[in-house]
Amino acid sequence: MELSKERLLKMYEDMLKIRLFEERAIKLFNKGLIRGPMHVYIGQEAVAVGACANLREEDYITSTHRGHGHCIAKGGELKKMTAELLGKATGYSKGKGGSMHIADPEIGILGANGIVGGGIGIAPGAALSAKMRGTDQVAVCFFGDGATNEGIFHESLNLAAVWELPIVYLCENNKYGLTSKADEVLAVEDVADRAASYDIPSEIVDGNDVVAVYEAVKRAVERAKDSGGPTLIEAKTYRWEGHFVGDPCVYRDDCEVEEWKERCPIDRLGELLVEEGATEEELKSIREQIEQDLDEAVDFAQSSPEPEVESIFADIFVD
Amino acid sequence: MELSKERLLKMYEDMLKIRLFEERAIKLFNKGLIRGPMHVYIGQEAVAVGACANLREEDYITSTHRGHGHCIAKGGELKKMTAELLGKATGYSKGKGGSMHIADPEIGILGANGIVGGGIGIAPGAALSAKMRGTDQVAVCFFGDGATNEGIFHESLNLAAVWELPIVYLCENNKYGLTSKADEVLAVEDVADRAASYDIPSEIVDGNDVVAVYEAVKRAVERAKDSGGPTLIEAKTYRWEGHFVGDPCVYRDDCEVEEWKERCPIDRLGELLVEEGATEEELKSIREQIEQDLDEAVDFAQSSPEPEVESIFADIFVD
Amino acid sequence: MRELSVREALREAMREEMYRDENVFVMGEDITEHGGIYGVTQGLYDEFGGERIRITPISEAVIIGSALGAAMTGMRPIAELMYIDFTTVAMDQIVNQAAKMRFMSGGKVEVPLVIRTQGGGGRGSAAQHSQSLEAWFMHVPGLKVVMPSTPYDAKGLLKTAIRDDNPVLFVEHKMAYNFTGEVPEEEYLIPFGEADIKREGSDVTVIANSYMLPRALEAAEDMVKEEGLSVEVIDPLTLEPFDEETIVKSVAKTGRLVVVHEAVKRCGFGAEIAAKIMESEAFYYLDAPLERVAGMEAPVPYNEKLEMHGMPNTDKIKAAIKRSCYVK
Amino acid sequence: MRELSVREALREAMREEMYRDENVFVMGEDITEHGGIYGVTQGLYDEFGGERIRITPISEAVIIGSALGAAMTGMRPIAELMYIDFTTVAMDQIVNQAAKMRFMSGGKVEVPLVIRTQGGGGRGSAAQHSQSLEAWFMHVPGLKVVMPSTPYDAKGLLKTAIRDDNPVLFVEHKMAYNFTGEVPEEEYLIPFGEADIKREGSDVTVIANSYMLPRALEAAEDMVKEEGLSVEVIDPLTLEPFDEETIVKSVAKTGRLVVVHEAVKRCGFGAEIAAKIMESEAFYYLDAPLERVAGMEAPVPYNEKLEMHGMPNTDKIKAAIKRSCYVK
């Protein structure tokens, strides 16, 4: 095991932070405090965390409609995220963006995105910029299986391959795109096969195994920094909740969900940590700390002011 | 040789018809009688003819900005084509479309297209329609190497694969997309490799060998009729002229052009025909007949009336 | 008479047309078991099966492209784009292909294609899921643009759209699916290009459609009570073709015109109406300048207060009516 | 003063800005050896090399997407879309991403992105290569829209666009690249949002830009000679931001307004100007209804006579001026 216990504990903490954040978000949503569609990341935590464990603050990510996990894994602040979900002036986007538009460019988060494939178009630009500016920054582009059927996926990978950009394409194949089963709408079983269209390396990884994700992305990031160009990684995973909060999930059966719950990425890492010598106490205290941080984040968000209505005209243009 | 001498002669005639049509078109263009950009098909004749030799009137094709050859191969009328190039009321589109919009839906030509990839989006719809109506019609979708970098290429092949549509995707890889060299902008050497993204069969064929094209498309058409779904065929070929008439061709050198001229698809078929017992006389008389038909077509076009200006408001909607 | 919701009315229109004509079919994302993201196709998959209620990949460009190809070759597809905001990934196929195909071919093809989509704000869906983009499509010759508000209109117009041999963009509103209203059992169609006077009045004309129509009607009600003003409210129903005559006649009577739309004001359809009015005899009847009540010139914000601030509402319509009538 | 063509002026603007700021670069199809389909970037590839004059695949959506990503992270890309008609394959990245990114992030990002493109008819390029679509982008908050006509304006405005920290759609005209005019050697910038009075006059105001500007000026010339009318011609230069003040002032003086644009009349920018005029004090100064001279409501046809018939021209502008002034 290359990863130290400390690093594994940090991953555990981040994954749990995502899980618990999403649980809070669902509660807030069900209380009617969150508007619009909200997509939670529960079940997929190992992907965001395993990937971002390879990144520095200055590296970039682009995210999706299901973006809370990516944001937390890249270092996003719970307070600002929660405040954004509640549409508050103190939120990441001053309440203008909501769940699908959380961004923190200062730490390389180039935005969640409401358009399937939207971020896939943007990511190679960040990688190009890094390359042109001569830095060793890399970009990780997160997207779902469904997004790989959008034309922009193809254009983006082709461009990145031709320009040999420092970018990692990370597909989270959770078997569904909204209500459509991947095998109904996706012509290949493994998205990774699509790398052949761009003559780039690809890898399939167990998306519920944070260490496996970490290692695959590590190889890809190293390749990227080494002027080796893009890599396509497919992480096989599953979302436990519906597509959006409130989804009746008529398109899948409960057994499937239960099966995947048994492969919980967080429990799995917990077990590994125990093997590595972590105590149940340690893990419990991590959880408690997160719960406390989340209490604070929710308090912060709830007690924060709404934006002034005049602010609708701010932030459209740089003056 | 599965193909009879008669069929080969017909192919020879069609290929020569395309070649001589394009030569006339260039002359008319240089006389200032044709407006807008015009893209000629010289050098690629074997692809259109080899492919369309497998099709019946009721089968469909979608074409491109470089569409004259496809149109002739599918049975388009020289008079109406020439008249359209000259913008006359007797042209295929009554002078409204010009070179990039020749269509003859009655014989399955669903249109040339000014948008790179435009027809790639439409073709699966024709195949779907055939399938839903329970006919055994097939669609052949022509496009260039450059077009395979447009997102619609990807969406179309994925859809056709998932729906198992009776369609043949026929990429004419002529090494350039306008002024860009395929290897500068296309991440794979062989477009055929892109079939892997859709789990469909593919084939690479010498696009200057009409018999090879014929046979490859034959297999694909049979598969399509047999509910075997789409095939991607890549025909390696070359355009002798510039991208558009008037192109200074600064992006390629003359040697390359000369090399490819030595692989002239028409001469090659001519030689084969001679081997098969055709006489030079026969071939000559084919040429003479075509020249005569083209004389007539040009006369027809030139003596045809211009459309009435009021006709600008006709043909927008079906009343 | 029985009451239906807009959602039910739309579903019934498709159902009836699918029984009437076997070439009619529906394709789009999530329209099968789930019944579409706003439930419009619910039940149709069970009734007609996956051949005629076709789930597609998330590939909007080829959804429209393949629907177009099918329409050119004998079918009558209804293609659903989940949000009008997603027309942006299918614009070539809508604008350069479907709209112009007949013209470019010199009238050789027919394109009986319906694109159903929905737009508008009000649910906190933020900047990429709340736009009102109908004006873009009005700017494209070759497309018809339909935007119903009531269940009755939704059903009758959708049936007309399905029978039309031209590409029709049919724009629903996410907040209007639950609107209810009377819908007869008997078959009826609503012709394109005939505006509907939803309420007669003599002092001022208000044009409003989609989600804004009920707001305009409410404002009209209030104006009688509060100011004794008699407000005529007209729903154009179809933006292309556009029934200029009914509006000019109304303005000839009232001398005042307020146009309401949710889309961003700049270059929205209110601008076109302003120009049309100026170019018509109505210009000479106008006793006050035209008023536009429209979406603010900002992306749609997530926060509810901000979002509501940016959208037209009953109060803003009332204020515009009063300005138009020089009532303080 | 030396004379340049619009093509040369644009090239010079890019060249100067690339020397001034190493983060400025150009990307697009066919812009290297060939110098772009209309020759605007000719020579720049030799001068700056393939890193800063980047040829792209035929992938317009990711051209804009990656330019946006680069703009968000410290670069200042100029992305070329060969024809404005091809914005249709990149609309999501332009409209949902670039235009709204700053707003959606609550002002956290800057998007110094220039999208250069060209549009318009006159060359027989037919329905998919001849559109004028600027009104679409005016309808999208978050985009600036620039449309120059003269070499002087082209250069000064493009330099301003490159230095602007917001997404700018810069629309050239295929028939205007050879227009020549004076361009000083010294550096200058032209601010956005300030219309330019190209010719002063007192009887009627004509608004025209891009390829229509010379037509309007010619019509103005003729009107003096033929009818003794004094025509003021204004080029807005930027459509967003739009200089309403200059136009209102002019109309206050002349009492008459003719708007000329090549785009399809319905929902073109002339409609917006009509509405703006109605909503401003200018409404009260108007002595005649506004006239629009615009593209006909049809796809652009290939045939020359048809194409010319569909486009505005000097005679049509003259006729509109005369109607506006009630001259028979």
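The letters A, B, C and D name the chains in turn, as written, and every chain counts its residues from 1.
Following the convention adopted for this analysis, a contact is a pair of C-beta atoms (placed from the backbone, for glycine too) under 8 Å apart; a residue touches a chain by one contact, two chains touch by 3 or more.
Since the structure is predicted, the reported quantities are computational estimates derived from the model, not experimental observations.
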Far-end chain from chain C, centres as C-alpha averages: B
Computed distance of Cα centres, chain D from chain A, in Å: 40
Rounded Å distance, chain A centre to chain C centre (Cα mean): 36
Cα-centroid distance, chain A relative to chain B, in whole angstrom: 45
Chain B, residues touching no fewer than two other chains: 93, 95-97, 101, 113-115, 117-118, 149-152, 155, 158, 162, 184-186, 316
Residue list for chain C, restricted to those that touch at least two other chains: 56-57, 59, 61-62, 85-86, 88-89, 92, 96, 103-104, 126-128, 141-142, 297-299, 301
Category of the chain touch graph - line, ring, star, complete, other: complete
In the complex, chain D residues that touch chain B: 29-30, 32-34, 37, 55-62, 85-86, 88-89, 123-129, 296-299, 301-306, 309-310
Parts of chain D lying in touch with chain C, wherever the complex brings them together: 61, 85-89, 91-92, 94-96, 99-100, 103-104, 126-128, 133, 135-136, 138-142, 240, 263-264, 266-272, 274-275, 278-279, 283, 289-292, 297-299, 301
Chain D-facing residues of chain B, complex: 34-37, 84, 87-88, 93, 95-98, 100-101, 113-118, 146-147, 149-152, 177-180, 184-186, 248, 250-251, 306-307, 309, 311-313, 316
Chain C - residues contacting chain B, complex: 23, 25, 51, 54, 56-57, 59, 61-62, 64-75, 77, 92-93, 96-97, 101-110, 141-142, 144, 165-166
Residues of chain A that touch chain B when the two form their complex: 149-155, 157-158, 161-162, 184-189, 193-194, 196-200
